[in-house]
Amino acid sequence: MPVVEFLQFTLSGVVFGMIYAAIALSLVLIWRGTRLLNYAQGGMAMFTTYVAIEVIYHTGSYWAGFVVALAAGVVLGAVCQLTVIRPTMNKPPLNAVIVTIGLLILLEGLAGIFFGGQYRSFPAAFSITGLKVGTTPLGVSRFDVFVVAAVLVTTLALAAAFRYTSVGLRMRASAFNATIARLSGIRVARMLTIGWALAGLLGALAGVLVSPSTFLYPNSMDAIFVFGFTAAVIGGLDSPVGAVVGGLLLGIALSYVAGYLGSKGSELTSLVALGILVVVLMIRPDGLFSATKVRRV
Amino acid sequence: MSSAAAEHNGSPALAVEGLVAGYGGVVALDGVSISAGTAAITAVLGANGAGKTTLLRAVSGMIRPRRGRVLLGGTDLAGRSPEQMVRAGVAHVPEGQGVIPELTVEENLRIGMMSWPSGRGRAPAGSAGPRSSRAERAAALDEAYGRFRPLADRRRKLAATLSGGERQMLVIARALLSRPHVLLLDEPSLGLAPRIMAQVMDLVVRLSREQGLTIVLVEQNARSALAIADHGVVLNLGRVVASADAQTLAADIALRHHYLGF
Amino acid sequence: MTMGTLPRRLGVAVVMAVIVWFLSVKLNTFRDYQIAEVATEVTAVAGLTVLTGLSGQISLGNGAFMAIGGYTTALLLMHLNWPFFAALVASGAVAVAAGAIVGVAAARLRGPYLAGATLMLGVALPSVAYAWPGVFGGDQGLNVAFTTPAFLGATFPLTRWQAWVSTAVALVTLVLLANLCYSRIGRNWRAVRDDEVAAALDGVNVAVTRILAFVVSAGCAGLAGSLLAIVTSLVAPGAFTITLSISLLTAAVIGGLGSLPGALWGSLVIVLVPTYVTDVATSHGLSSSVGSNIPIAAYGVVLILVMLIFPQGIQGGLRRLLTAFTGPDPKTRTRHDASAAHVTPSADDASASQHEKEGTS
């Protein structure tokens, strides 16, 4: 039935959309704080997911792996910012681009060295059999619901932390005006590191949530990263809300393309994504939720 | 180190000696020595490009001086970071955009208290001792709202909605919340209507007289600055060309014409 | 040593041609192949370094223009039997047209938004080959037949001829780009990069200037794609992945953004370093999964280290060495020296990023 099909595609689009949103959010976090794009975000997520699979393998506990992945994301984000990103702060901006690209390549190489290059399957937290309402399949499983819930809860928790805590205020102040923040005694450098740590957490979350579908191998997060980046650009790099909206928009649209156009559709997903991106940027060159900037002169 | 202790020392609250600072290949301060009397208002005057803003930046830690000393109550703090300087009691209100428009009035004020040691507020002079952090901060906010009525009325609004004069008030209120001994004001009246400018200047005078704050005031509008200052310093091309009490400077017509434009 | 005059540029090009001729004769087949690879990369990277360094527009998708050039050449050679040099020019023209379309679409985009759009272009375009396998050969791609011309004799090695052809194209491209950079167009590019509003007030047509830069870089990439087709004898989607686009940008920045010699240094790095590190790894006989990944990790480390140690790229580093020996020359002060003047030296000052124009990152 066409309505059921539509519902199925929409729901599964929402699931992938939330993954893209998680990556998009991590990019927005880093962009707002440091005005950098972290091209290694997907690679960092891949690496922490490998750490998770090793923990799961050795302890037999999914949740232990889950928690360790998130913790590893925090640590990896902070370590990367402190070691290789900080020295690029006062240099030409493209240097940081190349540094993050180098970081991505390094992480992919290290993953191959430590964990082997073959495809590995990653377990899902809950059952992946499709849910039904009565006899109608919904196209999503319990695990898919968990994916959406996990990303939503994390996003809301972060939003609340930014809004209501002292650390959150310090981070926002540092992002809006680092000079004023420093003159008020805020240790802006520390806030930047925390920003990268939180971005690492979001990336790690995206990694463990998507890997059951994609298998895990050193390049497995590359495509997710591209779509996450696209979602962030669509939404506007300064806007967390935009990241979520962009992610959902992209996820749902691509789900329709793959669903309605079958195998041809899967080949066309990146072209469709390009099309959406071009249309959005033609109308709003800074993304959907960008604040309109004042034009000088 | 409180200003009372500094006076005891015999040294002024703030002094710079032989300060050399600049940007890249440009030297903006070329061996500047200035002393700001404790609890007095020192006006720093001069044309555009004379080095006034650079002087404040070198003192507050925004730029690192190449040579020279920055003495706070006799201790050399040159080259410290802004985060450290504000904790040492130096508050810098930079020129132009001092308010963070994306945050609310109350959030802007809270930022002023970020330099307090965590767990305890910095006790103002004469208080009984440290109280709980939250109570101390709430009390400080109340005090700020008490002194600056318009801010109290708009505490939950975004700072972007404030008028020019209200923003200046917010910026000074925030600086005061860091409980400074020295306040560096860079062109506080810039872009303000004359009536508002007068209110700001009044405020500056009251801060110095009532609170014993040492104030260094950089102003393009030399006339109004000298009207409220105790002491004046004139910079030209990175050097001190005159340093005297405000009345003497205001009366020196040749000097005024040459360096100050009136 | 500036490249301010045409005779000087031609002179340098001739010298380089002689050097390459000498190397191609003396070195073995594999080295000839590497010369061809480097020349191919230089052609594309030079266009990109002009686009990103001189006109300030980042592109993560120039691999797409290479694909367009490569497939055009393959199709013309295969279906219409054109001589190679005709196909080369046609490929450049088609890529130029594509560049104009992209340039117009991207004219209002800045910084990361431009990066995102060109990234998606680089990812999406190769998938056209999968979607229409009848025309484009799908996953397997199209074979490209390329032989040495008759006048060289039957025993002339193909790889040497490939090296000569690609070097010639690269050198011509470099000379033409140098001419552009020193012309009014080049000045307009720099003006728009540094301050759009001021340039507009000065009478520069900002949109046309930006689009022109895209067109030029696309043309160079198209020529490079055509060279890639004859050097590897194949065009397939797997040769034009996003990795290619990213490696072009990497080469441009590592070599020294905005500098044509930098395009050469960067191309040498991205062609030679991975091969070298792979050789070192295999000669130590490391087990396959570790052994094949060490070069990857090492390459990543090289990129990071070069960027951290030489923030102006290799060309900038060479310039610093040169001034260390010969004393400062006011003509060689780069734009970055000037913009660094407003920045606090402390390592943890993030305010610089606040005050800089929205950078391409």
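By letter and in written order, the chains are A, B and C; residue numbering begins at 1 in each of them.
The working rule: contacts are C-beta pairs under 8 Å (C-beta built on N, C-alpha and C of every residue); 3 or more make two chains touch, one makes a residue touch a chain.
What you are looking at is a predicted structure, and each value in this text was computed from that prediction instead of being measured.
Undergrad: State which chain is most central when centres are taken as means of Cα atoms.
TA: A
Undergrad: Would you identify the chain whose Cα-based centre sits farthest away from the centre of subunit A?
TA: Following the centroid criterion, the farthest chain would be B.
Undergrad: Averaged over CA atoms, how far is the centre of subunit A from the centre of subunit C? Could you give it in whole Å?
TA: Roughly 30 Å, centre to centre.
Undergrad: Could you put a whole-Å number on the gap between the CA centroids of subunit A and subunit B?
TA: 43
Undergrad: Between subunit B and subunit C, tell me the centre distance in angstrom, where each centre is the average of that chain's C-alpha atoms.
TA: From the centre of subunit B to the centre of subunit C is 52 Å.
Undergrad: Which residue numbers or ranges of subunit A touch two or more of the other chains?
TA: Correct list: 177, 179, 182, 188.
Undergrad: Find every residue in subunit B that makes contact with two or more other chains and list them.
TA: Correct list: 62, 81.
Undergrad: At which residue positions does subunit C touch at least two other chains?
TA: Only 340, 344-345, 348 qualify.
Undergrad: What does subunit A use to touch subunit B in their complex?
TA: That would be residues 166, 169-170, 172-173, 176-177, 179-188 of subunit A.
Undergrad: Show which residues of subunit A lie in contact with subunit C when the two form their complex.
TA: 31, 34-37, 84, 86-99, 101-113, 116-118, 174, 177-179, 182, 188-189, 192, 218, 222, 226, 229-230, 232-233, 237, 264, 267-268, 270-271, 273-274, 277-278, 281-282, 285-287, 296-297
Undergrad: In the complex formed with subunit A, which residues of subunit C make contact?
TA: Its residues touching subunit A are 52, 58, 105, 108-110, 112-113, 115-117, 119-121, 123-124, 127-128, 130-131, 197, 200-201, 242, 246, 249-250, 253-254, 257, 289-290, 292-304, 307-308, 311-312, 336, 340, 343-345, 347-354, 356, 358-361.
Undergrad: In their complex, what parts of subunit B are in touch with subunit A?
TA: 60, 62, 81-83, 86-87, 91-92, 94, 97-98, 100, 102-103, 107, 110-112, 114-116, 174, 178
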